[in-house]
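Both complexes below contain chain A, partnered by chain B and then by chain C.
This part shows the complex of A and B:
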């Protein structure tokens, strides 16, 4: 896999596609973030991508993300002034200048949002992230495992309202920030988990940006065969080829829960499987056999076009290829499984590594 | 009640005469450069076959590709400006983002952002400022924009700011031509705004087209209303096409699928439409085409009006065959089939020749050529169709495959294990689809479900709105049917916000003009 060193409009397209794949069906469409970045790149230099090792231990790295409903972002775009304000709020809180931007979630819409900030401020972006995929809650990052706190955190909306958080745990940050997001109209821009390069070096999931760039290019080049190449190159497993037979959704507590029933086609004819999702696909089962569970990635591709498919796009009759990808090893400790494993999402299933 | 359905295609213009459910007659005529004389020829031939006079016809329904062609060819596009009601939000993605540059240039695309718009719960982002709207309009007019499109954040939740801006402009400058995004697209600001822009830039052409069709109607002594067909298989009055031409964009495949379902009397089926160069495969449910997902790209612009989910591929009656490889298409002799194909005395080996040689059908003027590996080639053609049909299927249920279009004679009697039906008049399915079009109403909204409003009441509320819309468009209230309901919770947000979509259809209420 080739390391990406600079991001312009062209390779941002690949990053957006790869980001949608690592979204594991959730995290929103990276397209909006891509358009936002493109608009800035019209008049700005391509974004430099750096390795965290190139920074001195005491330098400050700021993750930038969007929080709230991606569907809202499809309708109400940010003003564009959020990022400069966010960074200056954080610099004030940290009493330090920022050296680089970080992507906290390399899956879904948040795979492209940090590029908006980096392009706008002319800052480099670190090649890596803190999830290696998309997760629904803000404490679900590798930094939490390292004892790094989400706060000081800053949040800002399209109208220019800003807020900062100082909390006792990352779970509390999630709770309070989610509540404020609603008042801000359903989506807000945030900067959280400010880290020194020293801490970042320890807990970063490295090269995720290069990875999604690579995945995006594979999808562009091989369309409906991409899943085969990705399974081979990323040590994943082709779990199923199927048509969606049934989709059930229930909403509440901020997250949609759903079940997709799949009926095998092609090599899988005569077999059936079930996917559980809550924004992201979390569990794949064939009968009583677990095929894959969170934190491993369950990624769906449209069998006709090869494009990544989201949980929101699940509809009767859609033909899909289901790919299981191993999560970053950092997610496989007991502590990590408590944070992001099937039990956390209230499924009575043991995590079984792919 | 007698209706005429017309389909203007790239190669042929088809017309049929129908009396309620009965097929009285139909004809094909080559599409002419001026379009209208081809339409006139087809209608006359169809009336002749149906032994019907124009005075007895109660509705004239036209499906045409005029408008999509104008965008693809960048032809006759009006200078268009957009006012987006969004500030302080919205600046991070400006209008025309991700458009082909030359398309923006060829329509002199300009824009202004102004204060206003709504949050998803219907509260205001900020107040609309009358002065700001007037200034924005002046700016756009200074830049030469003749057509104005207006978009507003969450206009699908509350459309009143777009309407207010419309009223302000009409009050100050009554002759301004305006397209509102809320009338055109669903959720997704950029896609809806894009659809409104495309609509605006097509309006002068739409007026020209509708007027010329109206002239033809009078010339041919039809004393009845004229309609056009919409992308979703329903119809729209000609006066409404002048305002909303974009809604007729993709009516071709829709009409053919609707016609196929009607002719075969199968409400749930797969439809394979084999033309001269390409084949379209889609699915009908309850007589209507299954719609594509949220966004559709038209002429490289992302939009979100509803369009049928169709797989197109390069197999048609005129597909050129390479015996050596062997391979089929995608090059085709197209509308020159009747003089280039071997069975018509020409010298190009086409898919039609192979089908005749293999014994699938008998067409042409001369004997079929000898082809040694005809079995391999026909197998290859069958494979191409089978693969696409398998992909278009949405259930293992044994629904039939309806074969329509001139090239459908080449198809086998079984595809992917499903029975193939070739209904009578299947070469005129497009025009039949136009003739049987109904009236629709579609509404899409985010609604908060709480103690005061449960899910069912919310869906009912949206259904009532959709019904009202259809009745306003002249649907007979007694015939309204709910065609599709979907509700989707908004993810990553507490509370139960549902995105509800409802489409209803009803029969056209007929009145003489």
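This part shows the complex of A and C:
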């Protein structure tokens, strides 16, 4: 896997596609995200991608993200000016200048949006993230496992309303920020988990931007066969080949939730499966058999084009390949499973690694 | 009416009783508030009550209040330490030291709670408020009419979670802060509408602490006849004498809402009336006839003891006198009626001053 060192309009495409794969169905349509990020990158210098080791221990790294239901986020993509306001709110709270931007998740829109902030502010972006994928709730980051607090956190909406938080736990930050996200119309721009480079070096899931860049290029090159290459290269498993037979989808409580019913095709003919999602896919079941659960990734690829399929883009009749990808090893400790495993999401199922 | 110049355990009693009268049914039980405020005042110097004119124009005045459903507030009275945190959050946001504390409303618990803050911090309290009564929503203050913004605003809960706001309008502050109040368990301590003495001199409803102190003393002295004295002295109207026949009460969306049904006694025998409340009483109706509506005050007095009756204390069989009191003249402009009149609360009724 080749490391990326800068991002412009051209290689942003691969990042957006790879981000949609690790988005595990969540995080919004990467095409929309890419088109909008392109607008900013057209007028700005390429964004430098750096390794966290290149920063001094006391330098400040600021994650930037969009919070809310992807269904809503797609309608309210940032203009770019929000970031200037967000970063200045955080610098005021932290009493320190920011040295680099970070993606809190290497999936969905949140793998491209921070490039808008970085381009706009002329800051580099760190190669890595705090999930190694996308997760639906804000406490679900490697930083939480390292005892790093989500606050001080800043949040703004598209109308210009701003809020900051200082909470007693990352679960409380999620609860309070989610309630405001709903009031703000279902999505908001946030900056949270301000970290020193020292802490970031310890708890970052490294090279995930290079990874999604690589994944995106595999998809571009191998189209409908990409899922097979990725299964092999990333030690994943081909779980199902199917047509979408039903999609239930509701946006509420600040999330997009739903269920997808799949009817097997090809080698899977005569079988059926079901996927549940809360922004991201949480569990894949064939009857009573669990095929895969969070924190492992459940990724859908259009069987004809090979492109990743988000929960927004799923529709009746679409032929898909379902791939299970192992999560980053950090998510497999007992503590991590408590934070992001199936029981947290109320499934009475033990997590079994893919 | 005599001006009060300091508040200790002794005259806090009259303030709490008078505050319950102008609380117009809302704002929580004054006895509980007084007992708890007493605990603080026992260990502190009396709180100096000052006129806003005694401050220099550029000095900072900080309103302190409890936000939420009175039903919940009663269970979570402050320890006193929250205020130190709140004031320090606000001083950081304002980059300025606070010179005096202010009651945002001269009704209910919020007419006594700021004394806890003032005593704890050794600060004086300004004789006045921004409502001349209690209202249920935070944008319903004379400051809004003067174009003064509610933010920067700070908010903390009993667990130690804190948030700050910077919004585009006072209605947005209400919306966002209310959502957090609900997540924080139904009530929170807040500081908002930080004002310079210059602005405060313009938009303050003056002497309202002296007024509730006076009202409280009338109640103490004249017991069950107090409502008659107050009707005369404050140009009010005796609207009804009745027994409570039914009380519906729900706490939700950050408010206590309900309806009280009254059956006439004494001169009102054979007649019936209905009072609606959202924290405070909003409207009194006899059949289709409107007896009084917000912004005028609808105040209940126990017919036997003369004590003011809050919506929490209402119960089947209680004999009450219902008094209508004219609101401060500031609430009678068209702009003010839009902000706090019956139509805002979805009553299809024109406001007719008492």
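Convention: the second predicted complex is superposed on the first by the 333 of 354 C-alpha atoms of A that agree within 3 Å, B and C clash if a C-alpha of one lies under 4 Å from a C-alpha of the other, contacts with A are read in each partner's own complex, and residues count from 1 in each chain.
Just so we're on the same page, a contact is a pair of C-beta atoms (placed from the backbone, for glycine too) under 8 Å apart; a residue touches a chain by one contact, two chains touch by 3 or more.
Computed from a predicted model, the values in this text were never measured in an experiment.
Within the superposed three-chain model, A:179 lies in touch with chain B and with chain C [touch as defined at top]. In the superposed model, A:349 lies in contact with neither chain B nor chain C. Judged by the touch definition given at the top, the superposed model places A:70 against chain B, while chain C stays out of reach. When both complexes are overlaid on chain A, the residue A:304 reaches chain B alone and has no touch with chain C. Of the two partner chains, chain C is the only one touched by A:168; chain B is not. Using the contact criterion defined above for the overlaid structures, shared-chain residue A:160 touches chain B and also reaches chain C. Touching more residues of chain A than its counterpart among chain B and chain C is B. 159-160, 179, 182 are the residues of chain A that lie in the contact sets of both chain B and chain C, per the superposition on chain A. If you check the complex, the residues on chain A that touch chain B are 26, 28, 32, 35-36, 38-39, 68-72, 74-82, 116, 136, 158-160, 178-179, 181-182, 185-186, 243, 245, 249-256, 263, 265, 279, 303-304, 311-313, 315-319. Of all residues in chain C, those touching chain A in their complex are 159-168, 172, 175-176, 179-180, 182-184.
The residues of chain B lying in touch with chain A in their complex are 86-94, 97-98, 117, 119-120, 125-126, 153-154, 156, 187-190, 283, 290, 293-294, 311, 390-391, 393-396, 488-499.
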